[in-house]
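Shared between the two complexes below is chain A, which pairs with chain B and chain C, respectively.
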Partner chain A sequence: MSIITISRGSSSMGKAVAEQVAQKLNYQLISREVLLDASNRFNVPEIKLEKAIHDAPGILERYRHGKQSYVAYIRSALVERVIGDNVVYHGLAGHLLLKGIPHVLKVRINADLERRVAIVRERDKIPAQDARTRILEDDKQRRKWTQSLYGQDPWDTSLYDLTVCIDKLSIENAVDYICQAANTEGFKSSEKNIQKAKDMSVACRVKASLVEEFPNNSVKCEYGNVLIYMKGKDQMTGKLTKKLNHIRESISGIHHLETHVGIEPPPDAV
Partner chain B sequence: MSIFIISSDAREIEESIAEKVTEAMGYKLLDRGILAEVAAKYQIEPDKLNEALKTTPSLFNKLSSRQWRHHLACLEAEVLETLMADNIVCQGLAAHLYVTGVSHAMKVRVLSGNRKGIQGVAEKKGISLQKAEKWRASELLHRKKWSLAAYNYDETDLTRYDLVINLDQIDPVEAVKTITGAAEYRKFQVMTYSLKCLSDLALAAKVNGVLLQSMADVKVQARDGSVVVLTKASNRQKRKKIETIKALAGGVEGVTYVEVHVKKNILGEMD
Partner chain C sequence: MEPLTFDMILVMSMIGLAIFLFIVEWVRVDVVAILMMVSLPLLHLVTPKEAFVGLSSNAVVSIIAVIIIGAGMDRTGMINKLVAPVLRIAGNSSSRIIIAISVTVAVISSFMQNIGAAALFLPAIQRISKMQKIPLSRLLMPIGFSAILGGTITLVGCSPLILLNDLLAPFNLEPFGLFDVTPIGLVLVISGITCFVLFGRFILPQGEPMDSSESDNSPPSASPDQERSDADETEFYELRTPDDFTDYRDPLFVEDLRRRYLLNVVAITEPPDYKITSPSPDVEVRSGIDLAVCGLKKDVLRMASDEGMHLKDSLDTYKDSLSTQTAGSVEVVVGPRSSFSGKSLKEINFQDRYHVTPLSVYRQVETYRAHIDDIVIQVGDVIELYGTWKRLTVLHKEGGLLFSLPSDAEEMRPEKTLWAGFWLVTALVMIMGFKIQLSVALMTGALGMILTRVLSIDEAYQSVDWRTIFLLAGLIPLGIATEKTGAAAWIAHSILSVIGDVSPIVLLTVIGILSTMFTLVISNVGATVLLVPLVVNMAIAAHTDPRMAALVVGLATSNSFMLPTHQVNALYMGPGKYRTVDFIKAGALVSVVFLVVMIAMISLVYGI
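And then the complex of A and B:
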């Protein structure tokens, strides 16, 4: 009973690994569904969401916070999906979007650049040099995306519980490793962990409601008690009060909602 | 039938996991116990050999750059020679940086985890968590610099390993089970070719060690007893250097042919 996120560089066979893990453990496999959920719920075209989670924000976008909003929508949809447990997610940035849920097994699949080039060359029928450029550009975008939104490097080993290099090990070997790790004590869903996931889901929904108009706010939820950490300039205005009242009424699972101004948000706030 | 090379961002974890894997597999453990043997064989001061594994050459260091490289090459040669025996767990000897292209060697990195790692340092040193975090970050940076200076590889680069396990949420016992499970995988079985790759690496390290006794700026590659040495020399020194290298490398057991490639040393011309 756990949640598994499988992160990988493009054409690193992460999808094949994820499919086999889900099949072996009889878990639900999700990837693109998260974008569809977010698109339907927040009324944003799927293409925009996909671009937001794939490409690093440009200079102007950093000020407009558009990408931040889209990422908040995707995060909310993803947390909602995994809350039921027994899920394998193999989309982008799962290890970062699900940060804060303790029983998430974060896996990274690596493959040698030459092998990735060969896969892309064969799949897209393009010269090796073009395939290499495409892969390197994709890796660069991933790096920039993670750096700009989370201040971390996706190639940093400490972000993952398990990193498997698929070159020497086969897909089956990687699947064995992941299934074995998923069954260890640290990734079993206890009552406390499930509660944390539920709280995270409420916090993500609140954040998604606020982010477009108040992008700098952080949200944390503990047993249904929602704490909103606001920056000085976003102090209680009529607009915010109205928004908070709407959140109280529209989002289920909130027992109590309070705001804090000028206080540094805790690291696990969304 | 394989080699496990264990490395970690924390020495205690590296030692403890390697010991447990050795015990579980019934293999031989190759660790820093070999240093005394290497020091005696190559007539190096044991302290200096130990220091070469920890520091990089600097103005304030006891070791010159050439000595440092020589000591590391001697250690590398001995480790690679020992690994030829197979069924070995290796730790603490930086083997993850120089055992490259050997398919039956499984390279595993075990991370202490951010939370547990910092807590461990704080408890061991009796300092606050904040100080422990700073100490750990500087230690990791130092190891990264060392690995880049010694072997031009960043040891924190996860693509260098077959498997990386983070102990933040995975129990060490489970980690050991995961590692030992790989021994049965077909890809880690000894093959004639992988053994040949290992023996080529060992020969190159041996020649490198011999050459570094009297000269710097050498890079050695070996294949089936043939050795290629890359070096730098001025036009005046070129002939003499080639002769010296051929004589020294040719004297190493297992070398059947020596080829020397010399790059022009512009600074040497100005002498």
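And then the complex of A and C:
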């Protein structure tokens, strides 16, 4: 009973690994469905969400906070999906979006560059040089994305519980290791972990509800007690009061909601 | 006009740096002053002797003496004793109460630091609010403003006026006497109070009155048996854990109950039957024990259901130990220079150190109940504490927190009241009758209080606010450098060449507005030190009385009402639950009235 996120570079066979892991453990496999969920729930075109989770924000976007909103929507949709456990998610930034849920097994699949070039060349019928450029550009974009939104490098192995390089090791080997790790004690869901996942889901829904109008605020939820860490200038404006009342009424699972102004949010706030 | 020299540019850069640091507050204002004190001689803009001359200045010694005299008066409890007769005179009318308390605060503030007077009166005002059912927000702002305005009644009432004579000395201008500003100050106080009496209902937030059932010793939350219809009201509940409570579950601690259900455990039994009040966060909740919690009923029901506890109909085991005669909750305000300020509740650890439980924190209009341990306490925050009266009294004696408890809880020396009054009068007679220098006369009064044991020498040292001292002393060399390098004259001439020939009244008004703007963003002391050399030069060039220009700065730097930047406003903001917009609304009116009255009075008294 756990949640597995599989992060990978493009054409690194992460998808194949994820499919086999899900099949072997009899877990639900999710990927693009998250974008669909977010698109339906928050009424945002899927293409915009896909762009938001793939491309790093430009200089102007950093001030407009549009991308931040889309990522909050995706995160909320993803947390909702994984909350029921027994899920394999393969897609971008799962390890970052699900940060804070203790029983998530974070896996990174890397592959030898030459092997990735061969896959792209064959799949897209393009010369090797073009395939290499495309892969490197894609890697660069993803690195930029995580750097700009989370200040971390996706190639940093300390972000993952397990990193497997598909080169000498095969896909089957990777699947075996992942299944074995998923069954270890640390990744089994407990009452406490499930509560944390539920709290994360409430926090993400509150954040998604606030992010468009109040992008710089952080949200934390503990046992249904929601804390919104606000910047001074947002404090108790009529607009915010209305929004908070709406949140209280519309989001289930909130026992108490409180705003803290000018207080440093804890690291696990979303 | 003298040409612009490199030294002038350097001084102006240092002024710019000081103003920038005052605004951004990367370091505290007194540290900025020390930075100036050290960097000016390093840049050869002042001599090393001039750099530290502030520490031995008349102004700094006077302010030390004023603080000690104020602390002595405070120690006798005479100020608190003033409240009862003042209230008797005022009767039940809220306007009369505001007038009576405001005038009293203003008069006291004219002889001690504004913030000291404001802090001293806060508990009394809280009690008055409860007794007379007047919302605290309608009382605090008028009284706070009066404390600031009261600083303009005498030359020792506020730091800018204390500084004034020192800043005039380099220009060989006649110093001001102790009561030279009194007519102006009194009219300013009267105008300020009139503003609130006439327009209070439009400019003050009309808050809810504090519950009249709250008596000094038994706030409503300390009345466990009382039924309340208000769902948002915290109450006390007693629960019992089942005998198999700790079986098959992770250990549950007092801290967990607060985090999960926002319930504060105020009493718990350690097996077999050892009752603890205000237990530490790490005390474990055991099987078959009773615990008393404070919180909302819905949270208590949720906890009882989730954790399988039995909620009792009323207090049972803790009926006596939590009775209002033994224990209760009290709202305390974090006072100026409190040692608790800047620390989180977790660091302060009220439960372990004082055996009292913090229930909630109020800051401005926000009430914090969740994760309050992480909140870093600031001056003016209101903390609701629960504990036995005995423990709360111990905490009260520790100082730093302003309790709305009866003053008997403090260690007072009422028998020294006559001595304190005698030494205050002696100092005044020395200044007025014998024309002895301010610092010498005031220090004599302070020493007299120490020798007659109104307060001990250690208490006197502890009462001195070193931040104020170094802020004053550190900025004085900046004033010297501005004058010495000719930067003040250069800026003054540049401004005059832009505005052209103006009448003295217009010039003084412009100086008044400029001082008001400066005092809102940088400290009143900073504004005075920077502006006095400048305006004296401007006045000389414009053939206006330079003493009056300096006086306008000294007075108008107290015109700090529009933002909660003044220490008094910052202190009253939390308890009064004011928002910045409340200060803008009321402060704008009072500031305009202040400027008009000040200029009118100066022209009337000094014939400008």
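Remarks
Rule of thumb we're sticking to: the second predicted complex is superposed on the first by the 270 of 270 C-alpha atoms of A that agree within 3 Å, B and C clash if a C-alpha of one lies under 4 Å from a C-alpha of the other, contacts with A are read in each partner's own complex, and residues count from 1 in each chain.
Here is the rule we go by: a contact is a pair of C-beta atoms (placed from the backbone, for glycine too) under 8 Å apart; a residue touches a chain by one contact, two chains touch by 3 or more.
In this text, all values refer to a predicted model and were calculated from it rather than measured experimentally.
In the superposition on chain A, contact is made by A:Val261 with chain C only, not with chain B. Looking at the shared chain after the overlay, A:Thr184 reaches chain B, while chain C stays out of its contact range.
Judged by the touch definition given at the top, the superposed model places A:Tyr223 against chain C, while chain B stays out of reach. Touch counts on chain A: comparing chain C and chain B, the chain ahead is B.
Contacts of A:Lys168 after superposition: chain B is touched, whereas chain C is not reached.
In the superposition on chain A, A:Lys192 makes contact with chain C only, not with chain B. Once both structures are placed on chain A, no chain A residue is touched by chain B and, in the other complex, by chain C.
Residues of chain A touching chain B in their complex: 102, 105, 108, 110, 112, 155-158, 160-165, 167-170, 173, 176-177, 180-181, 184-187. Chain A makes touch with chain C in their complex at residues 192, 220, 222-223, 225, 227, 235-236, 255-256, 258-261, 263, 266. Chain contact summary for the complex, chain C toward chain A: residues 250, 259-262, 299, 302, 363-371, 374-376, 579.
Within the complex, the chain B residues that touch chain A are 103, 106, 109, 111, 113-114, 156-159, 161-166, 168-171, 174, 177-178, 181-182, 185, 187-188.
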